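Worksheet: one structure, shown below.
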Amino acid sequence: MNEWLYVLLFIVVGLIIPVGAIGVAWIISPKKPNPIKSETYECGIETVGDSWVQFKAQYYIFALVFLVFDVEAVFLFPWAVKLGQLGLYAVIEGIIFILILVAGLVYTWRKGMLEWA
Amino acid sequence: MVPLSWYLILSAGLFSIGLFGVLTRRNAVAILLGVELMLNSVNVNLAAFWRYGDVTQMAGQVFAIIVFAVAAAEVAVGLALVISVYRKRNTVIADDIDLMKW
Amino acid sequence: MTAEQIVFLIVALVTLGSAFMVVTTRNLIHAALWLVATLFGVAVVYALLNAGFLAVVQVVVYIGAIAILFIFAVMLTRKDARDSGPQTHKNWWVGALLAVASYLGLSALVLGWSGSSKAAAGLPSGFDAVGQLGEALTSPNAYVLPFEVASVLLLAALVGAVYVAFNRK
Amino acid sequence: MNFWNDPLKTAADWLMGVFTGWGMNEVAAQVLIAFLGVLLLITLLMVLDIFLVWIERKVVARFQDRLGPNRVGPFGLIQPFADIVKLLIKEDFTPGGADKVVYNIAPMLSMMSVLILWAIVPLAPVILSVDLNVGLLYLIAAGAIGTLSIIMAGWASNNKFALIGAFRQVAVMVSFEVPMLATLLIPTILSGSMGLNGIVQAQNTWFVFIAPLAALIFLIAAIAELGRAPFDLSEGESELVSGYNIEYAGMKFGMFYAGELLHAFTFGGFWAILFFGGYRFFGLEQVSPFLAVAVMVFKAMIGYWIIMWIKYTMMRIRIDHMLAFNWKFLTPVAFVLLMVVALANALLAGTPTWLYVSGMFLSNVLVAWAAMEVARTVSRREREKVEGPKAVAEAHH
Amino acid sequence: MTTETLIWLIPLPPILAFFLIVLFTNKSKALSHTIGVGAAALSWLASMVVFFRAIGVEHLGEHPFESSLNWLPTGDTFLKIGVLIDPVGAAVLFFVSITIFMIFLYSVGYHNFGQPKGDHDVAGLPPHGATVEEHGRKHVVPSIEPMYSRFFAFLGLFAFGMYTLVVSDNLLTLFVGWEIMGLCSYLLIGFWYGKPSARNAAIKAFMTTRVGDVFMLLGIAFLYWATGTLSFREIFTEETLHILGTTMTPIFGLSAAGLIALLLFIGTVGKSAQWPLHVWLPDAMEGPTPVSAMIHAATMVSAGVYAVIRMFPLLTTDFNGHELTTAMSVVAFIGAFTALFAATIAVAQNDIKRVLAYSTISQLGFMIAALGIGAYVAAVFHLITHAFFKALLFLGSGSVIHGMEHGVLHTGNHETDPQNMFNMGGLRNKMPITFWTFLIGGFALSGFPILTAGFWSKDEILADAFGHGHMAVFITLAVAAFMTAFYTMRQITLTFLGEPRTKEAEHAQETPWTMTAPLVVLAFFAVTYGWVGIPEHFPLFGGLVPNWFHEFVGGTLAEHPEALEFNVVPLLTSLFVALGGLFFGWLAYRNVQTPAEDKFQIPVLKNKWYFDEAYDFLFVKPAYWFSETFVSAWMDKGVIDGILHTFGKVTQFLGDIIRNYFDLPVINRFFGDGTADATQWVGRNLRPIQTGRVQQYFMLALVIFIVVGAALYYLLLA
């Protein structure tokens, strides 16, 4: 339990520092809000259209592929840790595991989903 | 010491909140959120039983990881479906998606 | 009440509270962010259960990938998210009723169950969870098949999702 | 067991004696000591961060053949402090229509994600805060929180450019995390443990000699992860007006900026730990922990210098080239490398170290060469498609 | 080659000939007849070798040539069959092989081998001659028998049957040979199956002999049941005979031995055409003459007598020399009566072959009577001599008919029947060899004193009958002998003496050598064979030649029958009877031209005492009636069809009930339509549940889950 206590403390301190800084800035910085200042900054020109602009589909694809490979990595870490002790068969198992997923990557590549356009 | 039942009640609570989300939210994505919660509650249960059972038996943790994979797959496909429904019918409200009836 | 129990209660309250917020906030992005908070709570619960690997994996997989996926999905379907109107359909009370019923049922079962009051056994010294897990996942007579099937599952999900969501043709 | 060879322990025991003397119970005292330790480390980091600002501006100047800040204080050492005071007193306002809560949390999260990284960094055999046995994944988790803070910033500032910039940045970070994951697996395979201290201990021969390609790919992915140099599309002034931190000013912007610098330094450190033996320097670390810390900081500085070097020499890459580069070249190479390393490691397990090292080195070189060859043929075919075969042939020779 | 194996091989050649001809060579006539005659010659040769070896053996009776092998496993013991040649067997074998061989030779000529094919000859009908174109003049020549090789095949089978019967050492193989001959008689009598009369005669012959065979089989079965074995030497041991003799049977107070003997005797009655079952023999003349000769002289009929001879010890169990047992008296009566009865009919017959048929029946009557009174050696002696001269007479009549056919073909009118004696006359100078051999045969039959064998054997019987005081038998036999001599002389005078009464008779020609040669051989035996058995005390000729026959054949019996002391009365009677009959026959018929003049054509005799009509009335008609009205009409149509029809009606009725009261209302309406309506109702009511909204489905599922879970929880756990 104690090692996670340190992590918790790191998180707490990690939060205190920025909060402190921003708090100090918030206390000592002047606050004179006026409508022009609070407009969104668009290189000085009028903001055009709704800021909730139509979203590009590509983002979802990349997030999706990342998710799949992320989970794969999760699976591979324990395998990697124990690879030294285990024999060749573990290596082959891992390779099969990776190949199957690389096949997924090849599929998306072939379908042309990875292009940004 | 924290008895096992506390963890089980925690996961039960998480499960029922997820259930409520699934049953009542109109937006399809919100339903998927509910499902995520339910899956998490299952994971908590698994981890608890692993910790409180024989620790050397890794079944609990292996199952938890498999549940991670399943949850990931489920989210991917679920959201893909919702998005394709949205692109075709311009709606994500669950009640509007009711073609599958007699 | 030992320190550990207090910590557990705090964490439980945080997790359940954020879970409740996930289900009830109107703005979907907020719901997603509250989900992140819940997931973080669950990660802490894993830490309490000494399942270090699970905690980190939870953070990496859920917060790192799934939450982002949710936010992207919400962004993609923003046009008529209509955060304005009521977020639950008419007979939401049936759902509520069922949720409460299931919670009561489950907790009754748990409390009724004899083994629930068991205390947590101490961790054997030098216990390396990740190593054990690695062995379990790769040794042929343990979980190598689920290990391989999981990759097939992921492949299927990837191919399925890509095909369903963005089949240009 | 004196102060010089185990400073943390002796200090902790001393403090424990003081606190218990004051009547605190055992556990509370321990927590307080831990808290003080962490606080000490983080303040040192913040001071280092400020110093980094100065280094950054001096090195950039030198690269661009100019002097850099030398007016304020000797060699411009006081310049960073001047910057900080400016940030503190600058008015800070939140744009109209922005989501107040999320807008404010974002900068805090981004700073926090960098600070918590230092929890697992082993400064010396004895001086290290936490020796998690899931260290590497913890590193990724921290990265994930960073990504989250960028999204929140981008979305909350209710600004089209911020939103697009944020999501592009996230897309890039997310994409490059995959090869990073693959390359992180390689040290785990070689060392047999995920804990960073374990990896350092296992590095009798630095991993860079065993898997050089992995080190290279890790560097590239890390730079992309930081959003610096060739991959810093979010600061693309011309197109996106500095991406997600458009609407931020004053100390919130300061947080983002400082976070980014410290993040770069941290990744320099990690690069050193994973591939250059961390605090090991031919037995130097055994002499005394402080020497080990010095070695560690020195290696981190070199890592950081290389990152800056790349930043100020490479030009920005277009977003689709960047993503294509990642998905169509880096990720496949990373995974192939992973497989080759795993296979080679298993095959060469029993052999004497000199054979083992040269075997692994050769395999990595082989993979690199093969990757280049494939890339060259693919690119020539692409060019033939575009310009027609004859032209390409002439250009070639 | 030991004698035993030789005996085993004797029956083989004829059966081989039969199969070869039937299967392979029936196309070429020359090859078939060479195989047939060759087989007969082989068997004859083997028989001669065995006979001469048998003669050379001292006391053949005690240790005869015999060998047997296990044939059928009956439980732990085996039913044994084998071969046995004792003195009687040797003697019979002798005459059988010679006559069969002669008949084979004779039938080559009889069926006009070498003659051209008939113009319009049809298989199944006797040949009608072929017109031949010789140096300008066309005249009709007898054509070859179309089914030439088929005839030889059947003859071969017939010979095989006879040989197995003769050599067999037990009743079973004897019976097998018996049945084969029965079959062959049917086949050969009905050889010209084209003629309806031949067909009927064959069936008649077969049926009557079968009646006899049934009783014989009963006898055999009873014997086997009683003694457990069928082979002669095992039966005729002292103790088995004693057992059989003492066990009484419920039928007429007969002892077992007596009953078995009688049953077997009935078989002989059928086979040798004795009184009640004699009707088939005269009709058997329909077959070609060699067949008649074969059946009525050499084999078939003599087989019957041979069977009784074999069963003689059984017949004469506890016979004390003088007073006949019941079985023996029955046999004697049947024998004597048949002799007299057949002789009376023979006198009134016009067809040359029918006369001989009835004479055969009467002569067999003589033998059976002899056996009946215990004259064992006399019966065997007469059996053998009769075989020779009767074969001679039959073959002679055959060549006479053959000559007449020449005449018929020559004159061209086919109405005149070549077999009717009144169309013949004066053939003695047309066919000299046939006339003289026929004359010797005739005198032997009628018992011409001293010269012919017939006299010695018939005299023996009469002497025995008189010697043992069986006067009734003696007298009937004497009268029968007188009538035999009378009709023999009638026959000779009508056919050979006097002038030819018709044109065909004038043109009759002598038959070729293949037919006349056997006649001469048989004639020689008909004369010389008698001298073998001359009793010692016979005046003048007594001691001249030792009574070898008596010594030899007597040996077969357990105790040797003692020779009879001479008595002049039987001698005188036989002399008077023979000469008287001949003289009166010649006297009565020397100038008779037409049947009308013939005083003895008494209708009752002519129609064979109306026995055919009686049997037809007694047996044939009732059989028809029984099968026609009773079995087919009443039993078949009425009872069985009735039952079946009722079944039909009942099932139909049941079917209707089920259809109307169960199938339609219940199955179709209740289950059929009922279920359809029910499902539709359920479907309609469940439809609203399917709203298409995922969450409602999930809620419904949960509700059900909770309800069921709660129920289960309370029911099972609580």
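For reference, chains read A, B, C, D and E in written order, and residue numbers begin at 1 within each chain.
Criterion: a residue touches a chain if its C-beta (ideal position, glycine included) is under 8 Å from a C-beta of that chain, and two chains touch if they have at least 3 such contacts.
Bear in mind the structure is a predicted one, so any value in this text is a computation, not a measurement.
A.B. asks: Hey, how far apart are chain B and chain D in touch steps, shortest way?
C.D. replies: Steps on the shortest route: 2.
A.B. asks: Can you tell me which chain is nearest the middle of the complex, judged by mean CA position?
C.D. replies: That would be B.
A.B. asks: Per the definition at the top, count C-beta pairs in contact and tell me whether A-B or A-D has more.
C.D. replies: A-D
A.B. asks: Using Cα averages as centroids, what's the distance between chain A and chain E in whole Å?
C.D. replies: About 121 Å, centre to centre.
A.B. asks: Could you please state the distance in Å, as a whole number, between where the Cα atoms of chain C are centred and where those of chain D are centred?
C.D. replies: For chain C versus chain D, the centre distance works out to 29 Å.
A.B. asks: What is the distance in Å between the mean C-alpha positions of chain D and chain E?
C.D. replies: 129
A.B. asks: Centroid from C-alpha atoms only, then distance chain B to chain E, rounded to Å. What do you get?
C.D. replies: 108
A.B. asks: Where does chain C touch two or more other chains at once, residue-wise?
C.D. replies: Residues 4, 48, 50, 52-53, 57, 60-61, 64-66, 68-69, 72-73, 75-76, 79, 89, 94-95, 98, 102, 129-130, 133, 135-137, 150, 154, 157-158, 161-162, 165 of chain C touch two or more partner chains.
A.B. asks: Among the residues of chain E, pick out those that touch two or more other chains and give their numbers.
C.D. replies: Within chain E, residues 695, 699, 702 contact more than one other chain.
A.B. asks: Show the residues in chain B shared as contacts by 2 or more other chains, in ascending order.
C.D. replies: In chain B, 19, 22-24, 65, 68-69, 72, 75-76, 79-80, 83, 94-95 touch at least two other chains.
A.B. asks: With touch defined as at the top, which chains are paired up in contact here?
C.D. replies: Applying the touch rule to all chain pairs gives A-B, A-C, A-D, B-C, B-E, C-D, C-E.
A.B. asks: Could you list, by residue number, the parts of chain C that touch chain D in their complex?
C.D. replies: Touch list, chain C to chain D: 3, 29, 33, 36, 52-53, 56-57, 59-60, 63-65, 67-68, 71-72, 75, 128-130.
A.B. asks: Going by the contact rule set out above, which residues of chain D touch chain C in the complex?
C.D. replies: 27, 99, 102, 132-134, 137-138, 140-141, 143-145, 147-148, 151-152, 155, 167, 170, 174, 177, 194
A.B. asks: Which stretch or stretches of chain A touch chain B in the complex?
C.D. replies: Where chain A meets chain B, its residues are 57, 60, 64, 67-68, 70-71, 74-75.
A.B. asks: Once bound in the complex, which stretches of chain E touch chain C?
C.D. replies: Counting only chain E, the residues touching chain C are 695, 699, 702-703, 706, 709-710.
A.B. asks: Flag every residue of chain C that touches chain B in the complex, lowest number first.
C.D. replies: 2, 4-5, 8, 12, 15-16, 19-20, 22-23, 28, 31-32, 35, 38-39, 42, 45-46, 48-51, 53-54, 57-58, 61-62, 65-66, 69-70, 73-74, 76-77, 79-82, 86-89, 92, 94-96, 98-100, 102-103, 106-107, 110-111, 113, 115-121, 123-124, 127, 129, 132-133, 135-137, 142-143, 146, 150, 153-154, 156-158, 160-162, 164-165
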